[in-house]
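I've put the structures underneath this note.
Here come two complexes built around subunit A, the first alongside subunit B, the second alongside subunit C.
On to the complex of A and B.
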C-alpha cells in the first residue's frame, strides 16, 4: 500500500514536471472577428491576445482584452466598447478548454485539434467546441481556425435601428503562435 | 480500492486545477499599460459649449444646430418655432488630439473657426491620471451689416476671440463633469462701459440614463458681464441620443446662439421666466482620412 502511494506521488511529481516543461505561451496572439450584412461589413482585429497551451494535459487558456480590438472606424470601436461588450465592466473575454484528441495530435495522426471549452464574453459563459488546425513544430505550437459566435448568446443587445448593420452571428478567426514558456 | 478511487479523484481535480493555473499564468503575464478613458461625453459639445471630447483622427463631422425662438412667444410665433437661428459646421479631426472646425450662424451672420487640442487625457492602468484637459480657441467674425454705411467698421473691428480651458473627469460609466474657465475678447464694444475682456466659468455634466441616452446640463457664470445690455448667465438642459454614426442632442436653453462669444456674453433671456429656446444639434460623422486605422487588413483573412 505504502509503495503504491509512493509510486503515485512520484508519478504526480513527474506529472507536474512535465507540466512545467510543456507549456507554450503567446502574448501576441491574433484574433479577429468579422460581421457581414448586406448593409455593411464590420471587422476588428486584436493582436495582443494572450494564450497558453499545456501539451501534457491538453489544456488551453486564452485571455482577450476587449479594448485591444482595433476597428476600421473609430466610432465603431467606441460603440463596441461602450455599448455592446461594455469593456469597463467586462474588460476581458476568456476561453478555457481541453484538447479532446491530444494523443492523435502528438502522434501526428491528425492535425485538427478538437477543443471543448467554455467561452466567456460580456460576463456570460457558454460551452463551445472549436476545431483548430494545429502545427506542432519543434519550438512552436500554432493553432489556427475560425468559429461562429452568436451575438445574442452573450447578452449583447443590438438596438433595432442598427439591427441590419450587425450580423447575428460573427465569424471569429484566430491564429495563435505559442512559444515555449518555462 | 477506495483509496485508489480517492487518489484518482484527486488526480482529476489536479487536472482541473491545472487549467485554472493556466488562466492565472495569463493574468500574471498580461502586460500592464496605460489606458485612456474613452467617451467622457457623447458629443463634441456638452450642450452649447464644447466638451473635452474630440473626434478621432480622420473623422469629418457635419454638424447642424438649430435654436428656435422663445417658447413663451406663444402660438403667434408657434412657440418660437417660426424663428430660428441655424449654424452649419464642418469639423475635422487632424489627429486624435487635434481638431478644428468652421461654422456659419444665421444669427448676426457670423462665421466662426475653432481649434481644440487635447492636452491631457484621463487614464487608468499603469500611470493613471484623474482628469482630461483640452484647450479651445475660437475666432468669430460678425458680418451682419448693422452699422451706419458712413461708419463702416474694418475687418478686425468685427472679430471676437474665445479661449477656454476644458477640464473634465469621467467619474464612472454614467457620470462625467466638466469645468470650463473662459476668456472672451471683443475687439469692439458698444459703449465704453462694456469690457473688452470678459471672464466666465462654465460647469456642465452628463448622466447616462441608458447605454445610448444621456441627460446633460450646462451653466456659464459670467464674472464681468456687458454693461450696455442686461445679460443673463447661459443655462441649458439637454438629452443626447446616440445611434450609429449620429448624435442627436435635444435641448432647452435661454441662449439662441451656438458660438462661445455669443451665448456666454450676449444671452439676455431669463430661463426661469420662461424665455426658453428649444433647439437641437445633429451630427453626422464620416471617416474620411485614415481609413485603415493601423490594423484591420483590407482583405479578409483566410485563416
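On to the complex of A and C.
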C-alpha cells in the first residue's frame, strides 16, 4: 500500500514537472556508489539514470533501475541484486526533492544547491538532504555531488560472513547533465 | 608408529588437496565473468513496439519476464548518441513517446558509426527495466 502511494507520488511529481515550463531532463545520468572497508573496495556505476528538474519551482525527480548498476565482478552484481537490494521485488530507486535555495542559484549568488527530499531504496523511504554543485549553463543544468547512505536505514541485510567486506555507509556520487526538455 | 605416521601423512594430503580445490572453486566463482552477450542466444526476440507495450500495460509482469534476460529487439533508429565514450542507440516506437534505449558495448562503437537514423536494425542486450523508456545494457548489434 505504502509503495503504491510512493509510486503515485513520484508519478504525480514527474507529471507536474513534465508539463510545466523550464524543465530539463537527462536519461543518461551517472550515479555510482563506493563501499570502502579494509577487506575490499566495491564500486558500482549506473549510467542510465533518469532525472528531471524544473527550474520554475525547483522540483527534482530521479529514477534509477537497480539492475543497471554495473560491478567489476559479476558475482558482486548478482549478490547485490538477489540478496541485498532484491531488485526483482524492488526494481527502482527514486528520489523526489525540492531545491531550497533556488533563487540564490538562479541569481548566481550560490553554486551549491541544497536539496531536501525523499529517497526510496529497497521499498523504504527516508528523508535526505543533499548538496549538489550546480552549473547553470545555457541550455544545460549540471548537478554533481556526493552523499552518504547508511545501508541499515533501508532494511538491507548483509549476511554475517561478508559483513566485514561491505561498509555500513556507502558513498553515493552523482553527475546529472540535464538538457532542455520539450 | 609407522602406520600412524602414514595415516597422518595421507590425511594431510587429502586436507591440503581439498583446501586447494575449494580455493580454486572459490576463485572461479569469485571471478565469474559477466554474461557474454555476443555468444549468448537471446531469451526473447521481439519488436521495440511489442517490448514497450508489454512494459506499459503491466510493468510488474514485464519485469518478471524480461529483467536480466537477453533480449533481441528489432526497431528503427531514432537517435544515436554517446555517453562517456559508449554509444547509445534509441529505437523508436510508432505513435508513442516511449522508446527502447540501447546502451552499447564499447566494442560496438565502430559499427555504430556506420548507422544512421531511420535505419532498421536488430540489437541484442540485457534488459534492466523501464523508466520513461525500456533500457537495454551491454547491447550489441545483431543484424
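Assume the second predicted complex is superposed on the first by the 163 of 182 C-alpha atoms of A that agree within 3 Å, B and C clash if a C-alpha of one lies under 4 Å from a C-alpha of the other, contacts with A are read in each partner's own complex, and residues count from 1 in each chain.
We take it that a residue touches a chain if its C-beta (ideal position, glycine included) is under 8 Å from a C-beta of that chain, and two chains touch if they have at least 3 such contacts.
Nothing here was measured: the structure is a model prediction, and the numbers come from that model.
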- [ ] Label the relationship between subunit B and subunit C on subunit A in the superposed model as either fit or clash.
- [x] clash
Task: Touched subunit A residues, subunit B compared with subunit C - done: B
Task: Partner chain(s) touched by A:145 [first = subunit B, second = subunit C, both, neither] - done: first
TODO: Kindly classify A:28 by the partners it touches after superposition: subunit B alone (first), subunit C alone (second), both, or neither?
DONE: second
Open item on the list: Going by the contact rule set out at the top, does A:63 touch subunit B (first), subunit C (second), both, or neither?
Closed with: both
- [ ] Kindly classify A:38 by the partners it touches after superposition: subunit B alone (first), subunit C alone (second), both, or neither?
- [x] neither
TODO: Using the superposition on chain A described above, determine whether A:108 touches subunit B (first), subunit C (second), both, or neither.
DONE: neither
Task: Listed stretches 2-10, 56-64, 146-154 or 218-226 of subunit B, narrowed to the one that overlaps subunit C - done: 56-64
Task: Intersection of subunit A interface sets (partners subunit B, subunit C) - done: 27, 47-48, 50, 63, 65, 67, 70, 73-75, 81, 88
Task: Of subunit A, residues touching subunit C in the complex - done: 27-28, 30, 47-48, 50, 63-65, 67-68, 70, 73-75, 77, 81, 87-88, 91-92
- [ ] Show which residues of subunit C lie in contact with subunit A when the two form their complex.
- [x] 29-35, 63-64, 67-68, 81, 83-84, 86, 88, 101, 103, 128-133, 135, 137
Open item on the list: Which stretch or stretches of subunit A touch subunit B in the complex?
Closed with: 1, 4, 8, 12, 15, 19, 23, 25, 27, 32, 34, 43-45, 47-48, 50-52, 54, 57, 59-63, 65, 67, 70-75, 78-79, 81-83, 88-89, 94, 96, 98, 133, 144-146, 159, 161-162, 165, 173-175, 181
TODO: Going by the contact rule at the top, pick out the subunit B residues touching subunit A in the complex.
DONE: 3-4, 7, 11, 14-15, 18-19, 22-23, 25-27, 29-31, 35, 38-39, 55-59, 173, 211-212, 243-245, 285, 287, 291-297, 300-301, 303
